[in-house]
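Structure in structure tokens, see below.
Note that the chains are named A, B, C and D in the order they appear, and that numbering of residues resets to 1 at the start of each chain.
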Amino acid sequence: MEKRVRVLIDCKDAKGLVYKISKVFYDRDLNIDNNREFVDKEHGRFFMRTVITGLFNTKELEDELKSVVPEDAHIKVIEPKDKKIILMATKESHALGDILIRHEDSELGAEIACVIANHDTLKSLVSKFDIPFFHIPADNMSREEHEKNVMKLIDNFEFDYIVLAKYMRILTPTFVKAYNKKIINIHHSFLPAFIGANPYKQAFERGVKIIGATAHYVTDDLDEGPIIAQDVIPVNHRLTWRDMQRAGRDGEKIVLSRALSLVLNDRVFVNGNKTIIF
Amino acid sequence: MEKRVRVLIDCKDAKGLVYKISKVFYDRDLNIDNNREFVDKEHGRFFMRTVITGLFNTKELEDELKSVVPEDAHIKVIEPKDKKIILMATKESHALGDILIRHEDSELGAEIACVIANHDTLKSLVSKFDIPFFHIPADNMSREEHEKNVMKLIDNFEFDYIVLAKYMRILTPTFVKAYNKKIINIHHSFLPAFIGANPYKQAFERGVKIIGATAHYVTDDLDEGPIIAQDVIPVNHRLTWRDMQRAGRDGEKIVLSRALSLVLNDRVFVNGNKTIIF
Amino acid sequence: MEKRVRVLIDCKDAKGLVYKISKVFYDRDLNIDNNREFVDKEHGRFFMRTVITGLFNTKELEDELKSVVPEDAHIKVIEPKDKKIILMATKESHALGDILIRHEDSELGAEIACVIANHDTLKSLVSKFDIPFFHIPADNMSREEHEKNVMKLIDNFEFDYIVLAKYMRILTPTFVKAYNKKIINIHHSFLPAFIGANPYKQAFERGVKIIGATAHYVTDDLDEGPIIAQDVIPVNHRLTWRDMQRAGRDGEKIVLSRALSLVLNDRVFVNGNKTIIF
Amino acid sequence: MEKRVRVLIDCKDAKGLVYKISKVFYDRDLNIDNNREFVDKEHGRFFMRTVITGLFNTKELEDELKSVVPEDAHIKVIEPKDKKIILMATKESHALGDILIRHEDSELGAEIACVIANHDTLKSLVSKFDIPFFHIPADNMSREEHEKNVMKLIDNFEFDYIVLAKYMRILTPTFVKAYNKKIINIHHSFLPAFIGANPYKQAFERGVKIIGATAHYVTDDLDEGPIIAQDVIPVNHRLTWRDMQRAGRDGEKIVLSRALSLVLNDRVFVNGNKTIIF
């Protein structure tokens, strides 16, 4: 039966890669529906995302592709189907709610395994949508203890990504390492401006005329991971920092959902501390 | 007890209005928390929105203000409290869902009296939020008959505004007249471009590089009412019209919610076929 | 000697095009520096822009490419060098001045053959830059007579594009046909909104909250040609239409220069009444 | 003869200020053409910009206003006329050129006293416009020595503002202090992101998806002065840092010109380290 897959290739750059890869598709009589490449010349790396349709054995295709590209290549042949995500949140409902509505509408492109929060504020909202909600309190315990509880819970689920929908706690390197390149966060500022706590207050105090939001992969360095998407909102002297916070929420939820859509559609390559978006 | 109210004045322009109005406040020892005026010189009209705090009798204040401004003046002294809205929708959940999440979060600034839809698709979503949902089908009947049923239902509720959250039917002049300046719509294009049916398809066919959304008051002329808010989203040749439609939803819901917030906070004056936004 | 060229291919879509074209490059040991393709599935057309470097004979390369693509293919192998443009203007200096400054800075990527205007207002500005300025008055003559004079002048110059930098006259079909797909215009609205005369006044009267500018190829239908670039500027009720006009100028000049840069770098394919921008 | 002036008031907040000030205008039979106020509640400060027309003696009006506002008030009654500016630049022509074109078009609203540059690159451009150009080289001397030469030159001119149109040298506190609140700079990043040298390279290395430009008053702290205007431009992984630099130029010049227009029209109040823009 005819299949439609996304082929993702990430390898050292070399002459003739487009030719060699497209030859594999051509020889097998596969159709290229969509194709994008990029060469990072600074680091000599080649990235390609191709959508192909046709009759083929996925394993065989992968093996044949491997035989024509440099040895260091990462090759993925992915059948488009809903990925699984775990949502983490704290008290605010806008980013989480936006994802829940998209999910309800079958627009999200992901199954939500569960929502984990360090407060129980959002339990009532999440429960409406028949999605498991777990309250893992963080009171009176060390960051490590709390995360241990969270990780024990996470380990019960299969998932592709953990999405921090305004999860307002800093993650330890242990946690980040355990789910390397699988954690996506929304930071409520136009990074790298206003790293850290209360960026809206920082923005207010600096007197900026534009505020922003940044969705990024989480790495060890706080708010320093590869940026997936950013957007901005104009502000003026009449806004208090709470007004900015309120105005900023729309940007946060839209940017997070946009980043999530890119990731779920396998449109994002991580390239060092940057992303390539196809 | 000290009160905080919004004073809205809309009248023929005349010399000394700011002086005369601020004198009323000053003589009564009221505090101006916030003040904005605008004079439409083309039509000689004066608009003012002032937030005042202090001890006063609302009726007396209104009467005194009336005595210092031109006779044609519309004066409103409004105590900030949640207004009541009726939502109308069809099948799409994004705009409606966005409002429901804001409502659940007590961020909306309005009570939702009910949701009325010409399909029952959204019943399940709305019911989660314990908000009355009414399905008024339009099949096999004239536009007039259908609207009669809708109006009969509406008449059971007290409300300040009717919000069309992607209500995909054209309203008759009778309906529009019945709720004059009380109906707010989101149109899925950057008006006045692409008036009418399927603006995304029109946008795709015209090959525009930016699409938009427009929130406006509904008047007799389809998509011609006073514009409250607009926003845009960049697109390119790679998007099909369905991709544009999908991308456009974010703009639609954000623009509608922004317009709704302006209206609910009494920040919008209708001035002929335009709006003044304070 | 090694060369660097842009290869532009536009043809009926067919299986294996990427493979066949990249094979040509591979067999000749040419390097792909940059590659972008797009398939318009609605019309079954394939577009490709590839930058290659290496040792080759241009004519031979073209012939070989021709032999592997469908017969209807347009193939161009272009050595990047400054193109030649003719500027047409009326009285306003912002769009023209922006191009002159870029030219002076060697940032434009084009030689300016001359400036033609129907008024002599801009003579003093253009002359500063040692660029020929021709005043072809339009007073007391028919549109046809005037254009005949303009065309007679144009025929003295070699050029790739005619750029209408706020040339405020409507062109006849004869003129447009004579320079088919070679005329680029900046229209001072967010097309298709406000086609025709004085779009800022139209925008003011409609009460829009955003104004825009559109750069497009000129075709027979006024303001209906393929759009190359668009941008927008937020406005509010405090702006008169003259304020909008003033504010809009920045958008106009930036959009025109951006479109011009895309065209001069051979990044624009015309596809029916749309453009594909690589 | 009837006059039109801008009245700027900046003082401690107090009850009845709008009333008292508008009473002064009313008693003298002056017309308010335009009026905007703002109260910074955090710091208890009142700001007002009113445009009035009528028959009056400026000195008398100022004195009377003084008598009704708190003692610390700064009151300015300004007749709208072209201010004088000194431009400083280095080698890049885009920001300077944009100002020169606006000046040539009488759109700038300022006379240009002269251009001072630490290189002679721009001499040819500036000379076209019959504006004095002074090359004050900085080679082989200390920052202090160079600035002394610049200041000696500046002292020959009457001016209201010094505009740094991509002047790529850091100013000493001595210089900044000498022209307190009179120096306007364009920084080529979205401050406070990427303070200091080569922000485009920093932006490239951080992998941001949006770059920006910031116009601000210069204070002792590098790139930390009150922000007047900001804007952003989307970028992606395909841009090198030189591409970003090129793309960013449009933002820089537009933001600087917009800030300059605000300042020249007396629309900017400096409030601590922030601005209020009317």
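Everything that follows uses one rule, which is that a residue touches a chain if its C-beta (ideal position, glycine included) is under 8 Å from a C-beta of that chain, and two chains touch if they have at least 3 such contacts.
Since we're looking at a predicted model, the values are computed, not measured.
Asks: Could you give the fewest steps needed to travel from chain B to chain D through chains in contact?
Replies: 1
Asks: Mind checking chain C against chain D and telling me if their interface is mostly the same residue numbers on each side, over half, or mostly different?
Replies: Mostly the same residues form this interface, as more than half of the numbers used are common to both chains.
Asks: Name the chain whose C-alpha centroid is farthest from the C-alpha centroid of chain D.
Replies: Max centre-to-centre separation from chain D belongs to A.
Asks: Per the centroid of Cα atoms for each chain, what is the distance between chain A and chain C, given in Å?
Replies: 38
Asks: Rounded to the nearest whole Å, what is the centre-to-centre distance of chain B and chain C, using the mean of the C-alpha atoms as each centre?
Replies: Chain B and chain C have C-alpha centres separated by 41 Å.
Asks: Give me the residues of chain C that touch two or more other chains.
Replies: none
Asks: So in the complex, the part of chain B that touches chain A is made up of which residues?
Replies: So the residues of chain B touching chain A come out as 92-94, 97-98, 100-102, 104-105, 107, 125, 128-129, 246, 250, 254, 257-258.
Asks: In the complex formed with chain A, which residues of chain D make contact?
Replies: Its residues touching chain A are 38, 40, 190-194, 206-210, 212, 226-232, 236-238, 271, 273-277.
Asks: Hey, which residues of chain A end up touching chain C in the complex?
Replies: Touching chain C from chain A are residues 15-16, 18-20, 22-23, 25-26, 29, 31-37, 39, 234.
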